[in-house]
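Two complexes come next, and they have one chain in common, chain A, joined by chain B in the first and chain C in the second.
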Partner chain A sequence: MADPSLKTKWSRHSAWADILTASPSDAARPCGVNVVAREGLGVAGIQAQRGRKAALSALVKMRYGLELPTTPRAVRDAAHAFVWAGPGQWLLVAEQKESFAELSELAAVSDQSDGRAALRLSGPNVRDMLAKGCMIDLHPAAFPSGAAAMTSIAHIGVHLWRVDEQPYDRPAIFDILVARSMAASFWSWASASAAEYN
Partner chain B sequence: MANATQPFRLPQIGLVDRNAPLTFRFDGQALSGFRGDTLASALLANGARLIGRSFKYHRPRGLLTAGPEEPNGLVELRTGARREPNTRATVAELYDGLEATSQNRWPSLGFDLLSINALFAPALMAGFYYKTFMWPASFWERLYEPAIRRAAGLGRAANAEDPDTYEKAFAFCDILVIGGGPAGLSAALAAGRAGARVILCDDDFALGGRLLSERREIDGLPASQWLARTIAELESFPDIRVMRRTTIFGVYDHGVYGALERVADHVMAPAPHQPRQRAWRIVAKRAILAAGAIERPTVFGGNDTPGVMLAGAVRTYVNRFGVAPGREAAIFTAGDDGWNTARDLAAAGVKIVAVVDSREQVDPNLRTLCEGFGAPLYAGASVFGASGGKSLRRLAIREANGSVRTLACDLLTVSNGWNPTIHLASHQGHRPVWNAAIHAFVAGDLPDGMRVAGSAAGRFSLREALLDGAQLGAEAAQDCGLATKQSAPAPATDPEAVAVAPVSRVAGSRGKAFVDYQNDVTDRDIELAAQEGFRSVEHLKRYTTLGMATDQGKTSNLAGLAIMAELTGKTIAETGVTMFRPPYAPVAIGALAGHHRGQDFRPVRLAPTHQWSKELGAVFVESGLWRRAQYYPQPGENDWLTTVNRETLAVRGGVGVCDVSTLGKIDIQGADALTLLERVYINNWSNLPIGKARYGVMLREDGFVMDDGTASRLGETHFLMTTTTANAVKIMQHLEFCLQVLWPTLDVQIASVSEQWAQMAIAGPRSRDLLRAVIDEEHDISDDAFPYLAARMVSVGGGVEARLFRVSFSGERAYELAVPAGYGDALARALMAAGRPFGVTPYGLEAMGVMRIEKGHVAGGELNGQTTARDLGLARMMSGRKDFIGRVMAGRPALVEPDRPILAGFKPVDRAQRLRAGAHFLGLGRSADLDNDEGYMTSVAYSPNLGHWIGLGLIKRGAERIGERVRAYDPVRNGDVEVEICNALFLDVEGARLRG
Partner chain C sequence: MRLPCPHCGTRDVQEFTYLGDANVKRPGADEMSEAAMTRYVYERDNPAGRQREYWHHSSGCHAWIVVTRDTRTHRIESAEPAKPLVQS
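For the complex of A and B:
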């Protein structure tokens, strides 16, 4: 009766599908802002259960080798980043989708892997571009490596953090997450704001 | 070389680039200038004296100043969609191909028919419009106003959409330096050397301020060398941002400054991807106001004749632009500064025909200087008349002994002292204070973190500017926690004299003496205001329009106050001053909007199935930020109702699918999760088993209904709440408030998962058959295993996690199937493919609305913030065994009053008639007035199942009046329909379809 082909594995759509298009690389003219869509990430909201923050920290330290931040910072290694998201709350961003079930003993874990669209922004003009929408100070003196912020850009809520370890005078690299439904509007702002540098 | 075409260009003088000639057009005439010119300087170089006509009297006007304070030299710049009226020629940077048009003249600049207004001038005194056009009132809009607007308008706005883009941007610094003259530059230098993050803004395209206009020396060398060295050093600091062509237009709380950067106003059109202007929000810990000063005109007869110019502006034209504003110049000065102009003009080869110094005592050195010019000196004298029409020809001078003489010349330079540019210092409500020593207002209390340096502080000498800047720059750096080294000695400057004895107005003037050039306010208007009792500065301003033009009275306010003080026998300090408010200079609305216009006015949210809907030709509707599919027209369907009827019948007759991803979804976990639900919903939740969903209603604290939706129990301590699309954010905030403020001890964690899940409704008698083809085999969805209100984890598409809910908004057997948003598109396509044998039909918001009205389900029209659970027929849901938000307030007498309008259904008695939402209910035969109002229609739809219009509405004692007839009265759309009150459930009263 039903078409058996329907039960084969469905294809997963990128949040940036139909939005981001690859730009031709032009080695002769370096880009001021580079944008990379971060695909296939595992993203989860982590909220410690009441009275279990210390235990959760210990578990994260043991399991991931990372210290849960207690201020707006991102603590990361090659595979995982824990980004502060409010008192007792973090965003766990894994390079690959994986189960975070073991954290559920101590925390409410909510999968957001499909709910967030992620970009990595770099290049010599990345701060100039972000300054056209970001209302916080991203100068290295104010936003050093590892700093994180929940703010809004062009009326769109964003979670943003610095992922580079560059010295003070080198251009920074930022990871940025936006709600999936607003990815197109965010890109409309981002592409217009970066256009003069590319 | 250029002198053939630029007869007033001076050889060898000035900072314009003689190797970069530019051509431009003024009123269609081709002219030439150089890079580095302003439109004003290029016009003067070409001998253009007459630039425009005045606002009220259409008097011929030329340039008065060389800066942003210019009241006269306003032009329309550019053409077509880029035409911008009221552009000051003095700040319009010349570019190749520039086109400018004089404004407020008809039919041509030289020959202006409307200048006949000037002959009727006595009639056009202050208050004339108010007094004359009072009666009859109906004539104002039709007759007087259009006529006055044509006669007295300024420039014309473009009448096509602006083709350029604008941006907003945010910047942060330790120290904001406002003004790039000697004070600002030395402040930025001192702060930069201390390691501060500095932003230096200057509205000019070249840094230097008055240094560009003066022949001065610093450390024994021409000031230009100090300037070049300083700029080079500033630009070498990585944390100093120098912003040319940038005007700070406003000062706001907490060290926030508004700035407008003219990114591409100095070129024909912005480069691709370049904005025309950028509005900056600058946050600074400290600010140094080094905005300089604005020279004061003198009020005397004919002081608006083209060729009468401020002395400092003349030095700018000569020294910076290499332009002689005339051939034979007279000097009228009230102080030492006017003599500098005489000296510079003479050095440039302009003949000085006379120096009129209003002071009786003139320094012997100056007398000697005057002899050097070969010109007579009239000390203690004044110019009381200037004439010549379109270009200055004659002056009338009254000597100290009273004798009168006339003098021929084509340029009169006027020097009457300077007013510090303190507008920004008073943007936060701080009143300027009078400083008698310099005869000017200076900043009083200052905005937090601001200091004032140099001329802006009334310290007019170059020496003081450099000293102030260095000192305040270093102090500001220290305030920011930076160590400053022992400061280098201040640079030495050549001697200067700044004494002045200002003249408020010249007594016994011949002809009109203008105070406010742009609004055509004369000294006589001030007298009239005084005579009629409009003596307070605020009344004076509004009665005469003094200072209310686009220049905001930068050159006129003080003269007006001085005359009022003289007339009322008060001091200027007693007379007071009006406040300065942002913006300091005009700001285009486009710059404030930035990126956010058209489709980008605010962000748009797109459902995970958006692309799929688009391919099917959906018509989308705005629903908050969301774009939702409203209906899916097919070829041949010419109106939305045809489409919606088809979609509705398809769902009730077979199966339809609809995106419901936009509903709010809140994940609730924690030991006390159930307690939270019990407290926020009115109904009981304790007996909800795992794997089941339940409908719930929430009240606000005041007892009115806030929202409805379902919650499903996914685990012992794990729930998923859904909200309406409109209230998704509000309910999340409400729960946050409850957990953080009302019950912080509850162990509950909530997270919005609205974005994570794509969700489709699958509704209709064949919905289970369709689902069976999509859901993986191992999940049993038979009615025994998955009855009405079941809610469980399933999988689809070969292992994709999914959540299945058997809930129904349509009243049919229906399900909602949720998958991670990345699979939303695949889900929609799989449902369509699998549903082909069942004739699956995608349906939109309209059909959903029709079906919920047929079933009497409440939605936005009824959940309008003014209805109680009882009003909506949901009183029985309110649990009496627990407390919940809104319980007590819902019991207030007015909310349980039996006469309150209650939800009911409505059918037109004549079934062919259309119903309208918003119609008010009146008893049959009752007149349409408020006393007879019984309620109103909240939602209507055409029911293709019933073949007529149906409605939901709120009517007094609705539940008791089934079968009664009333009027549905809709005067807005001429509707007056007799309707029958019925049960708000039009279809399948037993619910047989729902349970299958």
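For the complex of A and C:
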């Protein structure tokens, strides 16, 4: 975490700066796909130490009040999300940057806050748009509320999960994380794929 | 072809990287010889039929899995983690 007293020419630069430009919201004209850049998140990759998975699970339960998922799912509350990221691995997404030091007693923790670019996608056509590049089935029967997946879209590795509790027939809301260096490429695909719905 | 990743579920083969025969064993120190190493490094069977093979879920969970596949039909018999899951 940056020390504010430290004199440096470097300053934090959003992963979406110079890529996403805000569009004036026009409530009279509903859009098929809505995009929100998720900025200022704290993101950490977490890998349980050998033999410490149960202890880590208990620590997360105590500290965050959340149950670490053991299948491809995301568990979340208003401040934090733990997203399954492979066997014994998770992605911790905090709404605000914070220290993850506590978890490092039981897990390998790597701060990814400035390494990932995050979008929240919603709207009635969000599945149609994602289906153009995503090889997995995002129909609610196959990808229900809370489901998470690591996959690739347009050859770009993505981590995506559902953040809504919408009923079966309502449009879902997805969070998508890509490597920061791929943000411009991902946006190139996403904006072209969503164009016909807006 | 789609592969049933034991962690992620069924995924398109594009998400995986193929390594090959999962039965190859590196010769131990006592059986090490030029001929044994040549066999280990270079020589592979090319079966028309059942094969156990390594796949890496490189665009997914990054786990190695062992898939038993019929090379003629692509019928998948089983897919399991290449190493036992990290001890809980």
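In this text, the second predicted complex is superposed on the first by the 189 of 198 C-alpha atoms of A that agree within 3 Å, B and C clash if a C-alpha of one lies under 4 Å from a C-alpha of the other, contacts with A are read in each partner's own complex, and residues count from 1 in each chain.
Operating definition for what follows: contacts are C-beta pairs under 8 Å (C-beta built on N, C-alpha and C of every residue); 3 or more make two chains touch, one makes a residue touch a chain.
In this text the structure is predicted, and so the values were computed from the model without any measurement.
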Using the superposition described at the top, determine whether chain B or chain C touches more residues of chain A. B
Between chain B and chain C, whom does A:54 touch in the aligned arrangement: first, second, both, or neither? second
Contact-wise, after the overlay, does A:36 reach chain B, chain C, both or neither (first, second, both, neither)? neither
Pick one for A:15: touches chain B only (first), chain C only (second), both, or neither. first
Go through the superposed model and pick first if A:135 touches only chain B, second if only chain C, both, or neither. both
Could you tell me if A:110 is touching chain B, chain C, both of them or neither one (first, second, both, neither)? first
Identify the overlap between the chain B-contacting and the chain C-contacting residues of chain A. 48, 50-51, 135-136
Going by the contact rule at the top, pick out the chain B residues touching chain A in the complex. 165, 167-172, 197, 238-239, 271-275, 281, 283, 594-596, 599-600, 602-608, 611, 625-626, 667, 669-671, 745-747, 749, 751, 753-758, 772-774, 776-777, 796-800, 820-827, 830, 833-834, 837
Complex contact set, residues of chain A against chain B: 1-3, 6-15, 17-18, 45, 47-51, 107-108, 110-116, 131-137, 139, 141-142, 154-156, 169, 179-182, 184-186, 188-189, 192-193, 195-196, 198
Under the touch definition given earlier, write down the residues of chain C that touch chain A in their complex. 7-9, 11-12, 14-15, 59-63, 81, 85-88
Within their complex, state which residues of chain A touch chain C. 48, 50-51, 53-54, 72, 85-89, 135-136, 149-152, 157
